[in-house]
Amino acid sequence: MTQRIDKALIAEENAKLAGFLKEDYEALGNQLARDDINIEDITAKAEQFQIAVPSWGTGTGGTRFARFPGEGEPRNIWEKLEDSAVINDLSQCTERVSPHFPWDKVDDFTELKQTSDSLNLKWDSINSNTFQDQPGQAHSFKYGSLSNTRAESRDLAIQHNLDCIEWGKALGSKTLTVWVGDGSNHPGQQHFQSAFERYLDSMKQIYAGLPSDWELHIEHKMFEPAFYSTIIQDWGSNILAAMELGPQAKSLVDLGHHAPNVNIEMIVSRLIQFKKLGGFHFNDSKYGDDDLDSGSLHPYQQFLIFNELVDAQYRNQEGFGPNYMLDQSHNVTDPIESLMNSAASVQRSYVAALIVDRKKLSGYQQDNDALMASNTLKKAFTTDVSPILEMARFNRGGAIDPIAVYRASGYRAQAGRERPNSGGNGSGIV
Amino acid sequence: MTQRIDKALIAEENAKLAGFLKEDYEALGNQLARDDINIEDITAKAEQFQIAVPSWGTGTGGTRFARFPGEGEPRNIWEKLEDSAVINDLSQCTERVSPHFPWDKVDDFTELKQTSDSLNLKWDSINSNTFQDQPGQAHSFKYGSLSNTRAESRDLAIQHNLDCIEWGKALGSKTLTVWVGDGSNHPGQQHFQSAFERYLDSMKQIYAGLPSDWELHIEHKMFEPAFYSTIIQDWGSNILAAMELGPQAKSLVDLGHHAPNVNIEMIVSRLIQFKKLGGFHFNDSKYGDDDLDSGSLHPYQQFLIFNELVDAQYRNQEGFGPNYMLDQSHNVTDPIESLMNSAASVQRSYVAALIVDRKKLSGYQQDNDALMASNTLKKAFTTDVSPILEMARFNRGGAIDPIAVYRASGYRAQAGRERPNSGGNGSGIV
Amino acid sequence: MTQRIDKALIAEENAKLAGFLKEDYEALGNQLARDDINIEDITAKAEQFQIAVPSWGTGTGGTRFARFPGEGEPRNIWEKLEDSAVINDLSQCTERVSPHFPWDKVDDFTELKQTSDSLNLKWDSINSNTFQDQPGQAHSFKYGSLSNTRAESRDLAIQHNLDCIEWGKALGSKTLTVWVGDGSNHPGQQHFQSAFERYLDSMKQIYAGLPSDWELHIEHKMFEPAFYSTIIQDWGSNILAAMELGPQAKSLVDLGHHAPNVNIEMIVSRLIQFKKLGGFHFNDSKYGDDDLDSGSLHPYQQFLIFNELVDAQYRNQEGFGPNYMLDQSHNVTDPIESLMNSAASVQRSYVAALIVDRKKLSGYQQDNDALMASNTLKKAFTTDVSPILEMARFNRGGAIDPIAVYRASGYRAQAGRERPNSGGNGSGIV
Amino acid sequence: MTQRIDKALIAEENAKLAGFLKEDYEALGNQLARDDINIEDITAKAEQFQIAVPSWGTGTGGTRFARFPGEGEPRNIWEKLEDSAVINDLSQCTERVSPHFPWDKVDDFTELKQTSDSLNLKWDSINSNTFQDQPGQAHSFKYGSLSNTRAESRDLAIQHNLDCIEWGKALGSKTLTVWVGDGSNHPGQQHFQSAFERYLDSMKQIYAGLPSDWELHIEHKMFEPAFYSTIIQDWGSNILAAMELGPQAKSLVDLGHHAPNVNIEMIVSRLIQFKKLGGFHFNDSKYGDDDLDSGSLHPYQQFLIFNELVDAQYRNQEGFGPNYMLDQSHNVTDPIESLMNSAASVQRSYVAALIVDRKKLSGYQQDNDALMASNTLKKAFTTDVSPILEMARFNRGGAIDPIAVYRASGYRAQAGRERPNSGGNGSGIV
């Protein structure tokens, strides 16, 4: 296993753009200086920003109708790590990988840890999976996992989560993320309260197995795979469950898991206020859990979320420190490209939120000057902070233009040659 | 002030239908008996069912675009009581009226109580109003009431709620319902967390003024009049606020105040489980807070909500006992007709939920027999319980067919003659 | 291949219920007679009602996350036909089957036709499939089929549809239904107008291959599998395409393919008015294209759709005669049970719409008596027409209670024994 | 009546910012030049961009719950024109005003035209109003206007629209915009097809009165004021009506009038393709017809709409030339400020769309390179074109920072003094 993108190529491609970058960076620096913002401070913060990539995101996604495989898809966690290393080499803000079990289960976790170390990658939150039956599974999750009416299925789901914690310890992770698809497709199928009580009982057993320096993140979702009711359907059920479990339990926000029209940035604020914001699954969506590239449709919403996050930092809000992760399904793009692009998109929102004039904003809020408050946010959002993002990558040894370098590298074609029989079945489920 | 519908007319109209009612009631009784349901037990429960009418619902509603006044609209709380008496005389399930202050404020509350007593009407939850400025108001609610950045406006809003409690005591009410339109129309206009903290501080002062046998009901709403963010935007913020305040604070569910596609019956279940279900504002809606007649569009959803409520009764769920109220805007119908019709529609959902075979349902749920669980609910829903509703009214001295009797009475035309200059301005706000 | 449910069993089970049915039918007949409705006329119409089942609906559905196979799933079109025969034997309103190609493609269509004849089944609309790549397919549909930028992919998709027509001719079908998932996941990915022009060009070639007594039905869908834009995203694009193609092209309505809150019954009315209503895919949904059992969530909406359909019949609307079909995904129920149940649910809506007093309704509409117009529909809807549905089945030799007979028959267990290795892969796509 | 903002003040304020503008404009010019874009060409196009303001938008808006009047609101069309002149003086892209009748009806339209001429203002599309009853109106629009079941109400609505055309001729307008709130609140209230037929009949009479160089614009809206069905509920009904009427009839898109999640830019494309795009009402919204400031919530959506519009120009699409207008409700801001800000926001979207590299975009689309196609749009969107907007205003004699100059001018306080008794009633309708 090797560094897959030649550093010389990065340097060569950067050299083509460095002059323009210097010019644009200076112009932006001058512009920001008028508002007493030191561009170097912002760039330094941009360099420290990190967002995890999901191991499964390096493969091509699909829908129940079909999956159209891409060239050279990774066939296992080792190859997913290779792709993740490429993403981080170029992007320089994705040094953590979030695994999904049992998909990424290996016989020797020590070997896996050594491999990730050698690639300068760390492990983010562990994702358990009780929404599928594994081959030979003794008790099915067809009618639920942690909330199943049958103790046998619940116990299996609990044990899997406890296993995940063990595997995570071996990898140096500190967080377990629990998303379950449990729910119902018919009114009456499930007794809402009993099911939620069973869920809470199961989660308490998982929580009891949590090391003292770990967090347990609960993920809510409105619908899919259940189409009438879902056990943790919104942030309300999520935070109540987290409060029942204890201080190590927090809520995780996936941007695509809400009802239409919901104000997500306000939910983020509420979770911050009640010390229960655990982390994010970033993506974008128009209809449901579309899992599109982050910021590709609603960049201003993504900025407004970061406006809340940066504001919490600014106020030194107690107990604040969420995990950031991408969670996307790449159906029509090269996953490596989408992940690099999306990481930069999220980073852009962060940087733009950093240059909001919070003192002025606070004054406008106090005076109910709605228009100037809105314009204060908009000014930061419309400022083109691309030079800061590019300089942050450049300073850390990454690519000014990650997509261009990646395409120039021929990595995908090489993967196509080195990974025969990848891709699998193209037929979905209707 | 008199009994407005002649009892002789009711008797006369009932006589026309009593034969058919007896026939249908017997047939239904036989049908229910096959499942060991005694129709008389159900009818007895139907007779005890009560749902409050909103004082303001007796007038014609409107939109920001226009209001088209109806004939003989009530011009004050005295006339609203007259109309409410008519509704209850015929429907026999609306013996309580929910007032709205300052709209229904009078100089002498003792006189108002005596009048309602004489009409056999009681007073339900008190509704405060801090979403409008009253003539001569010292500090505006334009930028919020309980969460306003200015203490003067907050204090005014707090005091109004404390006044409402006093007026409510005089009328024998036991509940204060607080809905505020506070929120924002622009990103940045409001600091979400600070605004919510101010709201909670204000609510704590109101809660402190609550008699020990009262409840404080918090009403959430997704949007309108604020169109970007609303302070209590959903049941999540609602229950957190209620938990912060204490055991006398509970959450109130208005069916039209949720995001599209949200599973409202599940929210009802969650509130029951956490002992925080305070009450309901019943209405129906397709798009937003449309305030249409209850059950006119989504009768099965209304039934499913009552399925949760009757289930909680059946399980003797601790702390369960919500208030039921209609909250509708009658833009194109006679408000008296809509309120009678809607009360019966809600009562229908209650009665249908009573005949659900809960033992069988529980078995199907335990066995994950989704189809039979669904069919068990559907069987109750498709059973035409009209004869039970009619018999319940008939037994209590009401009308078998309230609309027909009301129309035969000429009440509306009489009101048109006796209430000159009612109706007011027809132009809305654009 | 044999008659799978013993007629003696049907007779035996019916005998248990016939007495109650007679009693309930008489009571309902008396009740309807008061409004001058002859129950026998309605029952006769109920007996004539037919709705097709989708061949693929006899297997267990799934989501991109997982598919949990059921016992004894059909492994090919021959076994799907067996299951369809069972459904029709018991339900007596599903004598047509709608095939899906290439899934149901066989070497000898004459043999397939003989088999369906022997089971008393006919063939409904042919469904083409260009949303998946088939093994060895020369040109991919990953970036679209009929609207693909590459002529090779478009030609393949066109030819497949022309093949479908040929296969349909062999089966005696008269309709081709075209649904494509073509669209985009990113703003900019597709040039909207060019893509629609390519789609129309492709469709014109298919239309040109249509026999003169066939119809071409276009199906719109808001989203999924494409999550930013879809080529035929709504009824607007649908009817414009149908108008461009010619009189044999019509629009097909799938109830789950619309934006939230949309008034579907109004769309049905518009399509009727412009002579472009081709047919329906019936199902129910709460969030997206959930493909739940018809009428299981929104029975009143389903009734309101049939109110439009029966009204068009009543008015002898020119060019009216849509195809009815179920299109559901059965993830947690026995597909045979769900299809029988759903067919009866749709039939219930039809029968309830038949007993609407259209003369009175029209009068109320003319007089703007909104409340009585609403109540006129509600009266029909709340009338429990179960006895009519049961009698219609009974009269035709079906089961009074199809689910009970089916369960008593042991058919599913037998299928489990006779169909080894059915079910396939349980892992979805994330 | 005078030029309300002193030109010296504008010059003085501009002088403070001119140095920074020059610096930023040069930097941006250099940046654009790398992609062979001449910034002067773009600025020239920006200077030509015009968007109309709605006369009613200069007053404070409200909701059915309340209206909180602002200081110095205009009391009549003369004062609305004064405010509009201020907006255009500073913004330099709002030289047209769109009137609303009968609100803006005057005795002497010649005088009104002379006044607008003297203010350098022109008249945009005429808006008729048949969603309210006017004092003394002989036949009510309570149950509809152009689609009312009663000929008397329809005739009144038709005549009002014909009057609007006459008044518009006097003012030099060339377009009539027809929006009606006709619809229903109850299933059954209205016969959908009959109502649509009546609507079309009425519209044909209006169309017949249209001068040959006028256009008739039809505006669709999903809901409000009608909450079950609306006669022109979406673009489908809209374009069908426009096609029925003839070539002078076109469809108008209000951004807030669609179902949740709908892809509006695709609807725009469809209307362009079928030569039926008449114009726009720009605003922003999160929930319904919120009428918020344009681009304040979804700036990327606004850009994507202009991407379609600029693309149509670029392709010289036949019959293309829509009207642009703001249509907003300013509930918590100074309307003059919101209108200036919003005009600039729309202009920003236009300018950003101008710098999209359409040749590259087309290549990526042809190659199905979704990521680079998306990035091509994003690159234009993230470019901060503020210097171009500022320079365009500066070149035309407007303000570099319109809000700052306006606030410095003291115009609002002066209006407060000169317009006593403005504001009207603060109580909404519940």
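Each chain gets a letter, A, B, C and D, in the order it is written, and its residues are counted from 1.
Heads up, the rule we're going with is that a contact is a pair of C-beta atoms (placed from the backbone, for glycine too) under 8 Å apart; a residue touches a chain by one contact, two chains touch by 3 or more.
Protein identities per chain, from UniProt: A, B, C, D = L-rhamnose catabolism isomerase.
Treat the numbers as computed from the prediction; the structure is a model and nothing was measured.
Asks: Kindly list the shared contact partners of chain A and chain B, in label order.
Replies: Of all the chains present, those in contact with both chain A and chain B are C, D.
Asks: Of the other chains, whose C-alpha centre is the longest way from the centre of chain C?
Replies: Result for the farthest chain: D.
Asks: Using mean C-alpha positions as chain centres, tell me how far chain A is from chain D in Å, no decimals.
Replies: Spacing between the chain centres: roughly 39 Å.
Asks: Go ahead and note the Å separation of the Cα centroids belonging to chain C and chain D.
Replies: Taking the mean C-alpha position of each chain, the two centres sit 43 Å apart.
Asks: Touching at least two other chains at once: which residues of chain A meet that condition?
Replies: If we look for residues of chain A contacting two or more partner chains, we find 142-143, 184-187, 189, 222-223, 228, 260-261, 263, 286-287, 293, 296-297, 300, 332-333, 368, 370-371, 374.
Asks: Give every residue of chain C touching chain A within the complex, in rising order.
Replies: Residues 56, 61-68, 131-133, 135, 140-143, 181, 184-187, 189, 222-225, 227-228, 260, 285-288, 290-293, 296-297, 329, 331-333, 425-430.
Asks: Across the complex, what residues on chain D touch chain C?
Replies: It comes out as residues 142-143, 149, 184-194, 196-197, 222-223, 228-229, 233-237, 239-240, 258-263, 265-267, 269-270, 272-274, 300, 304, 307-308, 311, 361-362, 364-368, 370-371, 373-374, 376-377.
Asks: So in the complex, the part of chain D that touches chain A is made up of which residues?
Replies: Chain D reaches chain A through residues 20, 23-24, 27, 30-31, 34, 260-261, 263, 286-287, 293, 296-300, 332-334, 337-338, 341, 348, 368, 370-372, 374-375, 378, 381-384, 386, 403.
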